[in-house]
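Lettered A, B, C, D, E and F in written order, each chain numbered from 1.
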């Protein structure tokens, strides 16, 4: 169920893969959707506004945030990589976003964190958001920073945030790991909507994952969000097995939750 | 599923709102239903007995309890208020009830406790019955007393009790808080039946709540009761949002689980 | 170390065994010590005030509380017994005390709770204040009520309370159970002083026990109180063993932490 | 969903009740099913191999294990009884099995453990695989040994094992206890398949139980297995109640999870 | 403090290194000390009895146990090795011992378990007896068996046992690992005495370790035993560092708590 | 006890208050102490090297790190303040440090984190390093970043780090809050030495605090470090009380562990 209870929502990262997915769907959640990205997001459609902004540019972020009621923050550097761009987008950028939210009185943020905050747990562990962070790279560390910063803004300034530790949100699961981590696009929107709609959000961490039979994450500590996935990776399982080979259990990338991220670095910065 | 495995059940508080709801339904659980209240409960229907009793009157309570196999104890003072009536109904009254149960060999009690035992938790917390009590008023404290007393009677005398921390049991949810706390009348009966039927109950605490998407309570520690809700507040959500305003997050009554109870007192006693 | 940081402290139950112990010692903690009891406490000594009060009498309790900065509440019915006197002293009485504290702006209470709140744990369990209550009688239930009520007054009105689950405070340990539960009179005063002195007390539960080798209680969740026992039952152990017989492990009174309390009831009320 | 991802699976205990159930069904999981037992298992059917083996005979076990990809180990002594046969089958036998698996490079084992590893918990407890073992007899102790041994072979040699603490796997639940412990034959196969199929199993413990309303076990720590029961004891409940009497709560066999096992011993060995 | 509260104690494994240490000291705990071993223990000294017994021989064990009040069970195979001798001594042997204790009414056993029950935890983990077993070899698995078996005999027959997960009990610490695991001979006796003396032991698990600054084990769940170590590895630290090299952190034997045991196997059995 | 087991240690932040304290003392831990700071640290003393470096300058940090065996990282921005300098010193700086450590094969880092990582807990909470971060400002968030980053470098590259959540390290406690948070200079050195000396450090978090009676922190999860404080704030308590006033419990700065930090921001960046 989608409730149109916000006048204006800012969607950052609107030019990215998930940004495009949510751009259409979030219009059901608000009267006007403001879309923003560093890259070109095209022209404003009906009930849309476009504000181009580099997250590392505080003034631009301030302009993007001014006047909205809620923020869905997908923007940022979204894979493992060199430190500089991660620093600018995911650390300076998220700081700029929260400072703008504070100044403009925005009360609720949905923040795209990542399962890579806990990527060094094994795929045979079932974990909850209360387990200590075990980031699997600079990307994961930067997402942990965002979670911590948003916690501070909640405790100090009352800005509510849901940190979504998104698994793998693709049209369908691509490999055996994604049988556990898959978040359908429909469930992604359901999850974001739940965060936008729940009466009292507080500061919450929740894994973004569909109703897959095999999973590593227990969201029972975040029942107040009211997220109910309706999709599952299970119908894809047989096909995935048919086209992939069994994991090599001596390879950390095969047994750790973070998959290939756990062996990706280091990326030398220029 | 309702099993008629008890010969005679005592229902206290039968004149109250929930008492009336259960009076009809509990007849499926027993051969004879004895209904009791301080107030007039009308004439005995088929397969009913009527015993009027003031919970504060030990002799009257003793008469009400004599000869039954199980007790569903809804009786008592059921809102926040002055200390004297709460004391008489919820402290002296529950003591009288357990003493009568002990003397007459009653083996199982379903006790209507309340979510107000833990009302000072925030609506963004997911809690379990193992979380320490944080009562939100004299009413909540009195219900915690009942839970503790019943624990003692279980450990000392073997009387099994299910403490139901009932959320909000109304025909439908009235406000945004009740989207989380709503317990349909059907689920109320299912829950009470589960407590009456489970082979071994022991001393258990369980939140009384329907299968609402947004909830604050995790009952996984009481799986042995076998309660399976079948209703949900979700179909009511859109209408509730339409007729209510967003919570003011600086108001404890808006962010604490107990809602308006947390700011209700003190009520001066005469 | 004892700090004289309170102008006037009320000591209730001053005529009781522990009341007499603390009456002398608490004068080091304040400029004036007001002593109160239902029974005669004798004439006021230097820097003392005497206010006789029945805890069940709200007006008398109000007079006893008026004008003090802090309360050490030992008053009440202190053994297992019939319900009526426990009700009056430990339930109505503690309510009267907190209402008076609220009205008169008293900010801190040291409340003599009891190990009998958790008396049904076994002597081979090591428990913390976070373990659920398992009261071993009406007395233990009444002390749990006091803990819950004080929690409410802390959350609602900011009155800080330390609930001391006192073990066995006697001049020396009398039996094998007391080797574990003994709280020397010196340590009792140290504990009360720590509660009176710590900068921020909040609402805390702590077991009142000396530094005995054998113990069942882990106070590490209450380090902020700063209690450091200096006595131990160990020097008494050999003598205690010499004059007592081994426990009968089939007797609940021998293996439960509450000792003889767990088989004491019921006491019929008149 | 059953995936045929293993070339050859060894099923031990194939002549037993559950062995016969799985013999037919596991053929969907592999190209060839090798069946083994101490007793006669009849002739090899299509896509079957037969290897008779006494678990206590290391050489025979070695032959049974040679050449398979995975093992479903149902073999052993499966009720409470004298120490010798339990020792040979469940201790020496399981050691022989893991040594053979190590030597032959078998990577995954599904081991039939038992709820009797934790049989001394009460039926009013909800427990998880992380709760300490409380075996209810020599049989339960021997199953705990198998769990520990398989843990060692996982940590030391990388052999993955799922320890299934099977409840009561019969065509239908026979008594009130089995309403909680029942594992349908279909769900048994689903559970074993899930263990055989999940990409990364690690070393996991999971209770083998259908989707019964009343249950004592919380498997949320083993979500990575992906087991989803589809049957329930609930439709049998009314009939079970009709033909059985209420439990005697003073009898450990009635209130402990292990049922009659908890009072079964000792069986004198010859 | 040592109390002579037992008439006759059986010490098994009396010919071993720790057996010889305790043989002298335990005479302070009883009137008569019965010493037993598979190997020759020499002649009986004053207040001693000698009973030679192979733990694998039930009748011999029965004779050794007959007539004692308590047992200190050091006997068994005490290092990693082939399965057969471990099976006979540590599995069959401990079963024989408990059966004899049951038949002869012995009420308390001090059982020498081992830190190798949890040897696969890392040296940077602080663990408690509630952490799941992670045995580092067949020896560790056999000790876990003894712990589980004794738990069963406690729950079923009331025989109290302390399972001592002994670290490294030598005259002084030999290497860097032993700085954490060292248990002085004096503290070994203190620990055994505490287990023999505490009024109610129940079934307890405790790590056997001196008061070393660096340690991996938290015994706060076993405070009821009353063990207070008086020695420490600290004075030996400088010398140990001087004669040893830093650990190779890529070697499991260097970083796991079990040390060299974790890479010791397999030992082929004949 | 201080062991000289490192050839060369790098001390960053050597010009700061704590840097000066450790500069003298750490010479006992190594043959050569390399001191570094952004500011002038004076000339190199005997067995010293001086390398000036701005933490935000990767090349300078690389030069400072080259050739050392271990790092004590005090450098950084050490109070709440504007984002830019915190970003440069505590985020970019700590990244530069770990990259340098990775490139040069440094195996162990002692990282000065801060109690402000958990500053929003109340002074009546006793917390452990496993409690979720609740940073009280940008400074606290930046220290949480350092903890997370070092966790990643441990899991990915094996670099061991101790994160010291230092309380208040001054010559003596200055106010009532510091009675709980005080870390004497002697204990600071003991703690750093313990981290440098322990055989296996792993990745550990520990609060840096002396043996104060009143404390909020439980370090029992980090026993493997072997830190034993020898100082205490207790002798200063009477004087501190005499010159300070009671806390205003309605002020977050008075009741939160972070003290004045929790209300310090925001600091506008230029």
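Note that a contact is a pair of C-beta atoms (placed from the backbone, for glycine too) under 8 Å apart; a residue touches a chain by one contact, two chains touch by 3 or more.
Because the structure is predicted, anything quoted here is derived from the model rather than measured.
Colleague: Using the contact definition stated above, find the chains touching both subunit B and subunit E.
Modeller: C, D
Colleague: Report the inter-centroid distance (CA atoms only) between subunit C and subunit F in whole Å.
Modeller: About 40 Å separates the centre of subunit C from that of subunit F.
Colleague: Distance-wise, how many Å sit between the C-alpha centres of subunit A and subunit E, to the nearest whole number?
Modeller: The answer is 51 Å.
Colleague: Residues touching two or more other chains, restricted to subunit A: which are they?
Modeller: 220 - these are the residues of subunit A that touch more than one other chain.
Colleague: Going by the touch rule stated at the top, which chains touch which?
Modeller: A-B, A-D, A-F, B-C, B-D, C-E, C-F, D-E, E-F
Colleague: What residues on subunit D touch subunit A, complex-wise?
Modeller: For subunit D paired with subunit A, touching residues are 1, 3, 5, 107, 158, 160, 194, 197-204, 220-228.
Colleague: Would you tell me which residues of subunit F are touching subunit A in their complex?
Modeller: That would be residues 83, 87, 91-92, 95, 99, 102, 120, 130, 132-138, 140-141, 144-145, 148-149, 151-152, 155-156, 262, 265-266 of subunit F.
Colleague: Touching residues of subunit D toward subunit B in the complex: what are they?
Modeller: It is residues 122-126, 176-177, 179-180, 212-218, 220, 234, 237-238, 241, 246-247, 249-250, 254-255 of subunit D that touch subunit B.
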